[in-house]
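Input: one structure, supplied below.
Per-chain numbering from 1; labels A, B, C and D assigned in written order.
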Amino acid sequence: MVFPAVEKEPAMSEPKPLSFHVPAPAVRPGGTPDFSDVKISRAGEVERPPVDVAPEKIREHAFRIIRVLDRNSQAVGPWAGLLSDTELLAGLRHMMTLRAFDARMQMAQRQGKTSFYMQHMGEEAVSCAFRKALEPGDMNFPTYRQAGLLIADGYPMLDMMNQIYSNELDPMKGRQLPVMYSSREHGFFSISGNLATQYIQAVGWAMASAIKGDTRIAAGWIGDGSTAESDFHAALVFASTYKAPVVLNIVNNQWAISTFQGIARGGSGTFAARGLGFGIPALRVDGNDYPAVHAVAKWAVERARRNLGPTLVEYVTYRVGAHSTSDDPSAYRPKTESDAWPLGDPVLRLKNHLIVRGVWTEERHKQAEAEIMSEVIAIQKEAESHGTLHTGPHPSARDMFEGVFEEMPPHLRRQRQQGGV
Amino acid sequence: MVFPAVEKEPAMSEPKPLSFHVPAPAVRPGGTPDFSDVKISRAGEVERPPVDVAPEKIREHAFRIIRVLDRNSQAVGPWAGLLSDTELLAGLRHMMTLRAFDARMQMAQRQGKTSFYMQHMGEEAVSCAFRKALEPGDMNFPTYRQAGLLIADGYPMLDMMNQIYSNELDPMKGRQLPVMYSSREHGFFSISGNLATQYIQAVGWAMASAIKGDTRIAAGWIGDGSTAESDFHAALVFASTYKAPVVLNIVNNQWAISTFQGIARGGSGTFAARGLGFGIPALRVDGNDYPAVHAVAKWAVERARRNLGPTLVEYVTYRVGAHSTSDDPSAYRPKTESDAWPLGDPVLRLKNHLIVRGVWTEERHKQAEAEIMSEVIAIQKEAESHGTLHTGPHPSARDMFEGVFEEMPPHLRRQRQQGGV
Amino acid sequence: MPRKTMVEAIRDAMDVCMQRDANVVVFGEDVGYFGGVFRCTQNLQQKYGSNRVFDTPINESGIVGAAVGMAAYGLRPCVEIQFADYMYPAYDQIVSEAARLRYRSNGQFTAPLVVRMPTGGGIFGGQTHSQSPEALFTHVSGLKTVVPSNPYDAKGLLISAIEDNDPVIFLEPKRLYNGPFDGHHERPVTPWARHPLGEVPDGHYTVPLGKALVRREGAAVTVLAYGTMVYVAEAAAEETGIDAEIIDLRTLLPYDLETIVASVTKTGRCVVVHEATLTSGYGAELSAIVQENCFYNLEAPVARVTGWDTPYPHAQEWDYFPGPARVGRALKAVMEA
Amino acid sequence: MPRKTMVEAIRDAMDVCMQRDANVVVFGEDVGYFGGVFRCTQNLQQKYGSNRVFDTPINESGIVGAAVGMAAYGLRPCVEIQFADYMYPAYDQIVSEAARLRYRSNGQFTAPLVVRMPTGGGIFGGQTHSQSPEALFTHVSGLKTVVPSNPYDAKGLLISAIEDNDPVIFLEPKRLYNGPFDGHHERPVTPWARHPLGEVPDGHYTVPLGKALVRREGAAVTVLAYGTMVYVAEAAAEETGIDAEIIDLRTLLPYDLETIVASVTKTGRCVVVHEATLTSGYGAELSAIVQENCFYNLEAPVARVTGWDTPYPHAQEWDYFPGPARVGRALKAVMEA
């Protein structure tokens, strides 16, 4: 053979044993909450690029936090000033309504009136402010923690409660879990319950709108933990390839049931950073800052509407409550962690801003709280008059057999007969 | 109510209709090949960071191409100089062997001796050079286009051919397709055929090694088109979170069957860029440049071995042949596209480099070509003496029933009896 | 009447639907410019533009997930999974999303989409190009599952599927693309051009979902088959001389109980055949419903002839494939029982 | 003997295996620090460290895919999918990878892993916390599928599964975690502490895979059941006074044909019960094998009582769940047939 033999290389000096790395949160129950690793930009600090900016020009936006409301409850910087007083007051009302609704439904579940509930405590600004950046006809593909989209759009709370109670007026006929709402009219796609599956569906819906030369856009929603799911990738790949007119929202509320965000995020620094690998502009925003959420949402929505393609938005917020009524967070995080959360409470922050603006007072706030609560209670009474999961009346067993297909096929008709309904 | 009514905003000026964007390659059959959009760094130009560099410091590496061999066939720059003449000559021999092997097996398929074959033409440097950066015990999770890993590690070509022919000596007993090799001994994990599934398995294997305090590392392999698969995401998420000692290789040969790389890549610029969203260092390398591939592989392997975590490496190369024997690329790309490919041919480039180094000549190359071909033909004859798919003998029907489980369960024993074997 | 291969018939079905309904869109891996690895979508992009016929990234979950979103918007996506063996990454989108969307949203949103996929063996495709996963769909409430066995049906059923308002899984026996195949792999291939079922009318017609067809009348034993196995069963009947009635199911869900029961009531015997592995295959359901509905007519146990419970092998293709000899043995056994 | 809930028994099995074999590792969503949403892995991380018990990102394909890689390396991963309803994203890794690895590599690489998942209904979990997807596993060659019905079996079977050298799908009927459940949802829950099968020996013991158990002897009719339905069947037998022989299958694949055939041969009648939807459910396979093997002994058609062919509803949980009344009606019908 014409090739010389390769002499055996001297053995590499014995490498050290590998070790396994599992990220862990800074503090566990018993410890003192510590968010000192959360890097928070000053309000007004992060620049507002033109909507047609080249994605690679704003890579650093994926590592900062766009904020409008400062410590003194003033709205500052390039993202401020989009909303009128009346609009801000409406935003406050939506958030307060969602909070009151949550409180009542949480309690109703504890009373055995339904099987399950999931609240939004601390995250109200995200869905309430986002909804106001959309136009009628746009479509959200929400998770179970965006009921603010419905409330801020005026979906009847009675319908929400009827579904939560699976009662005789349940718009989903008792088939779907509580909180897994659906309203085509209000641009709220049927929630699945399987994480991340709907992110790519949002992209598909947006592609369809582009295919048809429509002007409507879509918004996908996902939690921090769920960005780890593979359909997140499918969504980003398709959105990037087809420049779909979609806003891809990540609600980073720091927790995925018991798992802190570091498990899903790994070494990326932020969730917004995931966009960098796709050439998708990625912004982070203070999710507890109503005007900031709205302004960033508007920016992203405008990009989509102008056919400039997808935008990834990470809302930095905190899940103050339990994951769901099946969960007790004191088992995995300090009880007082939410108090230490550096971005505060979205309702309080907007309230204070409105007071500073001179259009709101502590007294009116108290009064509004009471009014909202009694409205919610009145609706709840009405809903309960149509039944709860515990007491009924419910949608019928007949309803259970309907709607699997447009027309009931013979085998299902036979089964319904067997079932005696 | 205490809140003022929101006045209806004046309707936004009617937006323009959206339009749908589908990426298309610059040229199709009939056109003149054009790679002017492929940005190619000069040889020696891209810096060589220390292996413990912070990923965010080398983001730009994801958009450039590490190259060693320049136009004059000299090895230049910070990534040059790792391999001795003998090692380079061995590399040349491996690539030439793979090419000869491919030629014969491609022809054998055309002659009906097997069902299917996939060649490596143009991509030989990637797997041949990578293998030499690994240590014994390390594990590759290859795709169907990395047979160079086996050839460069001395796996018997006879076994490869026996499998391709599904003959009586087929090490996989006729159960697996041709080219879907497996060799634990040679650090070559059983190829699945389902795209991307093995990328996350490589991460799992690497995690296991770290869990056990072992020193062995893993390498995952994927094609440009297959990075779109969801398991690619699973792999990057897990690798990023657990800092797994794994090298994640992307072989960008510009095509996924008939689909040009723009469909999978979307707006990201490069495939290496996918790593940016995970805080995983990402490098691109000239995949047709043997010393460059080897140097980058060494760098990534060292990172893994020193427990510094995963590295993503994109090998920029070109699939000169058809996707497989079932495919005819002239239906979707210009016939002469491969001639226009700006990174040349890996065998030719290494050959010329060795000539420039004074350790090789045109004559010796011709002689080596002839010698290698006659060796391959001799082995092929031997393999064929044990059967081909067309003529047999094959592994038996009994073999078909074995190995589904460690022990054959009763229902399968009954089926085997029914099958009369 | 024009003769078409099954590939041409399938393409024609999409063409007809795209012509009639601007909401029909077609996409998948390699289906755009190239026209699909089996060429089922050839020239459709040229004809309808890349707005309606386009290549996708290699992500089956993305293909079906995007289709669900598009269908909810109002389009009628007809997507291709390159091989049924590669549908697993899309299984969640099919099972958890497409199949349940109408139900869980009480009809507010629906998923009128078709997922086409080449299925079955006989082409030396090994483990990853030969599978028959129909039972994984028939178990899922909310899906319809179709398996045509010839060009005429393929076109008519695919048009029905595209026009259907629910998600349809459309399994194309790839061994039949170019001609019928009775399992006699050693014999030359008959092209569809020489087979009466290769006659495919131009333009729009439908074959209804949920209706089986008696392909061969007989009095002695009923054979329940679909796809490639229809021809294998025919060959077995010819070769054994047994007067078998062969039913081509065509739609596996909803299935045509009436036709099945009428035949077995008449013959008193039943053999179920399919390529998929035995255990928990669709044949189990057929066997169960036959004995539930025809128990007192049965003169022998319902027999199943299927692929073995192993992954699909490469070299042993013809040991695995339930060819006419095995089906013939089962027919005889059932007649003698 | 110590009494344990099923959750405790399952945890104990993992504990015993981790103690004996340093290669056993446990991971999944929320299984690390928190110990799992059903607390099946509680305290294991504390005991064995986060090197061996850890939380994962929410990616089921990643969980099983990483487990396949680890198993190929030499570990014995025992992973949790939070609900069986969420296994679909992992289905490809289970079917195409874990199940076929030994076969396709001719034994060079194997996948000795266990995928645990809570399954079944009865907890008002709606469409996404109630499914019983066992038939989707029993159709796949290369997988073993286990469904325990009580703490004793759960521990013994899980130890067998972890020690097995092939991939095992371990389905845990979540409605049984805290006590047996016979479908009488209006009655108070019996805890395992008051049930003899709550007696769980300490330390290592196994219940072999592939062996069924006659839970109740009887002469009139055989009931084939597993998981929660074992108790429903018992209640139905008591309430109808029918002398039913109830077989708890325990392992669905490989199944225990001998025990099944012996019983049906004796009784001449058979009712198959499961929670999963009817069509192409595992009951179809049971029905098929019973009539294939006991045809001449059968005095009535094999009947199936199952969940309906709809997604699992929320409000209509007890209309959907095949409770003792429905099973009782089937028993009577079979006796009268």
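Operating definition for what follows: a residue touches a chain if its C-beta (ideal position, glycine included) is under 8 Å from a C-beta of that chain, and two chains touch if they have at least 3 such contacts.
It should be emphasised that the depicted structure is a prediction, and the values quoted were computed from it without experimental measurement.
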Tell me, please, which chain's centre (mean of its C-alpha atoms) is farthest from the centre of chain C? A
Please determine the option from B-C, A-D or B-D whose contacts repeat those of A-C, over half of the contact pairs being identical by residue number. B-D
Between chain B and chain D, the Cα-mean centres are separated in Å by 41
Averaging C-alpha coordinates per chain, one finds the centres of chain B and chain C separated by a number of Å equal to 35
Among all residues of chain D, those touching at least two other chains are 51, 56-57, 59, 61-62, 85, 88-89, 92, 96, 100, 103-104, 127-128, 141-142, 253, 279, 309-311
Going by the touch rule set out above, which residues of chain A reach two or more other chains? 20, 22, 173, 175-176, 180, 192, 194, 207, 209, 211, 228, 230-231, 233-234, 237, 241, 263-264, 266, 404, 411-412
Touching chain B in the complex, chain A uses residues 1-7, 12, 14-23, 55-56, 59, 86-87, 89-90, 92-93, 135, 207, 209-211, 213-215, 217, 228, 230-234, 237, 239-243, 245, 262-269, 273-280, 305-307, 309, 364, 367-368, 371
Chain C touches which residues of chain D in the complex? 61, 85, 88-89, 91-92, 95-96, 99-100, 103-104, 127-128, 135-136, 138-142, 253, 276-277, 279-285, 287-288, 291-292, 295, 298, 300-304, 309-311, 337
Inside the complex, what are the residues of chain B that reach chain D? 139, 141, 171-173, 175-176, 180, 182-184, 189-190, 192, 194, 197-198, 200-209, 211-212, 218, 230-231, 233-235, 237-238, 241, 403-406, 409-411
Which residues of chain D touch chain A in their complex? 29-30, 32-34, 37, 50-51, 54-59, 61-62, 85-86, 88-89, 124-129, 278-279, 308-311, 313-316, 319-320
Under the stated contact criterion, what part of chain A meets chain D in this complex? 20, 22, 24, 28, 115-116, 166, 170, 173-178, 180, 192-196, 225-226, 228-231, 256-259, 263-264, 266, 326-327, 331-332, 389, 394-397, 399-401, 404, 411-412, 415-416, 419, 421
